[in-house]
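Each of the next two complexes has chain A plus one other chain: chain B in the first, chain C in the second.
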Partner chain A sequence: MKRHLRLFLRYFAQYTKVRLAYKADFLIAFFSSMAATVLGFGFVLVLFSKIPRLQDWSFNEVMFLYGFSLIPLGFFNVVSWNLYDFGELYIIEGRFDRVLLRPVDTLFQVIFEKFRLESLQEVVTGLAVVTICLRRMHLALGVADYFWFALMVACGAVIYLAVFLILTAVSFWFEDRVGIVPPVFNMLNFGRYPLTIYNVFIQFLLSWIIPFGFASFYPTTHFLGRNTFAVYFHLVPVVAAGFSLLAIVVCNRGVVNYSSTGT
Partner chain B sequence: MPAAAVAGARGGERPSSLFWRWLRLYLEFGRVGFVNALAYRLRYVTGIVTYFIYISVYYFIWKAIYEHSTSIEGFDFSHLLTYIGVGWIIRSFYFNNIDQELAYQVMEGRLAMDLIKPVNIQLMYVARAAGESIFRLVLLTAPTALVLFLVYPLRPPASVRHGGAFLVSVLLSFLIVAAINFVVGTFALRLQSILGLMRAKFFLLELLSGLLLPISFFPQVFQKIFALLPFEYISYVPMLIYLGKLDDSGLARAIALQFFWVAVLLAIGNALWSWSSRKVTIQGG
Partner chain C sequence: MPPIIEVKDLTKEFRTFRRREGVLGALQNLFVREHVTVRAVDHVSFAIEPGEMVGYIGANGAGKSTTIKVLTDILVPTSGHVVSNGFVPYRERRRYTKHIGVVFGQRTQLWWDIAVIESFKLLKEIYEIPERDYRQRLDMFSDLLNLREYLHTPVRKLSLGERMRCDLAASLLHNPPLLFLDEPTIGLDVVAKDRIREFMKEVNRTEGTTVLLTTHDLSDIEELSKRIIIIDKGRIVFDGDLGQMKKRLAKYNQVKFFLKDRSQVAYLSRVQSDGIVCERVDELTYLIRFDREQHSSAEVIRQIVNTLEVRDIFVEEEPIEEIVKRIYLSGEVA
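Then we have the complex of A and B:
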């Protein structure tokens, strides 16, 4: 554990140096990341210029939900970079051999080999939006709420990571170049609206099949004082734990199944 | 086969036969794109399901939005549902990955193979993307449209004339998207990674093309700015034509402007390519 923590810090420092070596590239990546985040808000902002409420959810509440979802997403984005090209780079090109040869956990290496540093701006933006929305709604967080908030952010990031690890592990069996990762990535958006607007099928899909609802919607209900979802709120850590367990099992199965390309 | 270059060097041929050689060459690239897509045909089955889920989700989002009003900016719920549904259907056709392909070529050091081909690189990529789009038209767009029209009460085109103009307009949308993606892709030659740029472009196109919501929902100031940009000609304009929201003169003007943007964007891409490819570092290879 201690060794892994030290390795993590080394990996992080090393990659930061690599990224900062190309300053112009990093700046462009940072500003495009910023632009993407701002544009993401566009839909909600334009919409609420036309309507007063979304069902019984106010503008501030929807913005709070959207802002909150950015925080775990930001952390997830920082470490998820390698997952996008995993099938392409590690399986098809056989780079996974190198990972297997090292005496460190394979999953650990794949996740922490690259960091999308610029995505940390999403965390900051999310925190800013959440703070502004709380102010405008005259809501205050208690001491316990700060603890819950941190826990929910961690669980959200874990849920995102677990879902995409499972999808990534699929490339151990099917060497498809694009696969199913991008469509599911776009579904992240759908967990950023109150789940109550959907019918039971989509609510079920976003809760139990691809549990993005547990990473964004259910956590926020507690802070917005909507107690009808209290059970779901308390299930968030359970879902996070369950899905990460599943992810680890699937990944380990995949590694066993891996056959090198011989390069 | 560098048929066009060889023919050009000989010089003595009739222009018409030169044109046919040229066309045959790029049709061949189109065929390659088509066949490449064929190799990953399983992906399109998941594609139909994905599009169905997307549009279902947007159906509920918009249903919640229309709970408090019957008409927003001249769109009632039925018009808006058609706007969103058909908008996504045409996206399954006009969409392409030229920027990502170029980025991969650069990353993997295969760009040299592109550079030594005596063809117009831009046209080569566009032709390949066209082949892929034709493939998707059959395996993704048509089945998705069938399912969606059966499940949701989507409206047909406003009239036969609007339907015809809509088809022309969607073809031009394809060219606009292809040209924009090529422009974004050329940045891969000078930058280390264009992943961030591609992500920003993705969100920019989603919002400013009118895919997520009609441009007329934006505040006036933004509408005026967007009218000067090419993005709303990708989805908003074809959908206005489909829904019959443009009269004859408006229709002609819209399509003329689409042609204009195709020409301008292709020219920008071409200029950027010749500027970027002058100083290329080939990685390893």
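Then we have the complex of A and C:
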């Protein structure tokens, strides 16, 4: 554990150094990431210029939800870069062989070999938006809430990561990858609005099949004092643990399949 | 001492499916797949003693890389037993990999975008190499392989030869007792090849590192290893001493001669007789390959000097390339 933490810091420092060596490249990436974030909030603004409330959710509440979800999403984006073209780079091009040759956990190597640094911007922006919204709603967090907040952010990031790890692991079985990642990635944004605005089918889907609701919606209900979802809120760590376990199992199975077929 | 690598009845099968062509075929592929099982390695057994340098050769697709990949824990065998350095590679992956070094000539193990020295530092952390050992080995490799001038260059900017030397150094930083080299000299020029071979010999001599290398360049084997294992269509067809192989399998001798001038070409046919055929090498150079059982070298030479005016004449043993080519083509060892 301690060794992996040290390795993580090493990998991170190393990658940061490489990334910052190409200043223009990094700045462009940073500003386009920023633009995407601003556009997302812009959409919420436009929406509320047409309607006063979204169901029984006020502008500040929706902004809070949207801002909150940006924090775990930001952390997820930082480490998920390698998952996008995993099949291409690691399986077809054969980089995965190198990963298997090193005495370090395979998942660890794949996730932490590359960082989307500019996405740290999302974490900061999310925190800022959440703070402003709380102030505008005259809500104050208690000491325990800070603990919950941190835990929920961590769980949210873990849920996002677990879902995409499972999808990525599909590459271990199918060389010619089915385009399954982009639609799921779009669904991620569904989870950043109040789940109650959707029909039952989508609510169920976003809770139990692809649990994005547990990464953003259910956690925020607690901080906004909406106690109807108290049970769901307390289930967040359970869902996070469950899905990460599933992700680890699927990935390990994938590695075994890779080694026995050598696709 | 017990062998450091023991392979018994190793078999590895791949299941692939036949791809149909065209758009319709691709659609069909989605639903109905015709599976084909290919046996890449077929009941292979061998043992390697500590400190040996063994050449593992075979034509493309003969099963060399598959064997190496099983030994380096990338692939799990379909059946058979493998014990390497006291481990069963695919069962104790993470502990095992600490004790081996691997170089794939076709692709680098280093990080593409960062300076060589930074890659080395990362490897130091990954393999938990003590600072003193790391310094000492880095110094030694830098001298032997002449790495110093590009330690601070990103890997992607290196030439193939430079990259190969860095890869080799990287694979040995943690001082593994076992080193696997898969086509380490592929695409390199003569000087680069030579440097790498010298380095391998030095490491083998000073550290006692056991080396298993695959190659298509048989001069690698002649330079480096005494022992050679030949695999063909997944089966081992020869395993033994290189000299022994020549003695057992060399069927032909060859006499190479240089004609005095062009006028002599006209008389070439007079030399030829049953089992003695002239091959043209260039304008004035000719080669006669003949079965050693049927003719003696003396007899062939006599024939040549009696009928032709020659400037020089050499008797050679059949080159190992030729012997191996024959094995690849016929698939059997006489």
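Simple rule for what comes next: the second predicted complex is superposed on the first by the 256 of 263 C-alpha atoms of A that agree within 3 Å, B and C clash if a C-alpha of one lies under 4 Å from a C-alpha of the other, contacts with A are read in each partner's own complex, and residues count from 1 in each chain.
Here is the rule we go by: a contact is a pair of C-beta atoms (placed from the backbone, for glycine too) under 8 Å apart; a residue touches a chain by one contact, two chains touch by 3 or more.
If you're wondering where the values come from, they're calculated on a predicted model, not measured in any experiment.
Once the two complexes are laid over each other on the shared chain, residue contacts for A:7 go to chain C alone; chain B is not touched. Contacts of A:259 after superposition on the shared chain: chain C is touched, whereas chain B is not. Of the two partners chain B and chain C, more residues of chain A are touched by B. By the touch criterion stated above, A:51 is placed in contact with chain B alone, chain C being left untouched. Contacts of A:246 after superposition: neither chain B nor chain C is touched.
Residue contacts after overlaying the shared chain place A:92 against neither chain B nor chain C. Residue contacts after overlaying the shared chain place A:104 against chain C, while chain B stays out of touching range.
Touch criterion met: A:28 reaches chain B, while chain C stays clear of it.
For chain A in complex with chain B, the touching residues are 22, 24-25, 28-30, 32-33, 35-36, 39-40, 42-43, 46-47, 49-55, 81, 118, 176-180, 183, 186-187, 190, 193, 197-199, 202, 205. Residues 40, 42-43, 46-47, 50, 53-54, 56-57, 60-61, 63-65, 67-69, 72-73, 191-193, 195-197, 199-200, 202-204, 206-207, 212-213, 217-219 of chain B are the ones touching chain A in the complex. Across the complex, chain A meets chain C through its residues 3, 6-7, 10-11, 14, 17-18, 94-95, 97-98, 100-105, 113, 256, 259-262. Those residues of chain C that touch chain A in the complex are listed here as 14-15, 66, 69, 72-76, 78, 90, 93-95, 97-98, 100, 102, 104, 107, 109, 111, 113-114, 118, 121-122, 125-128.
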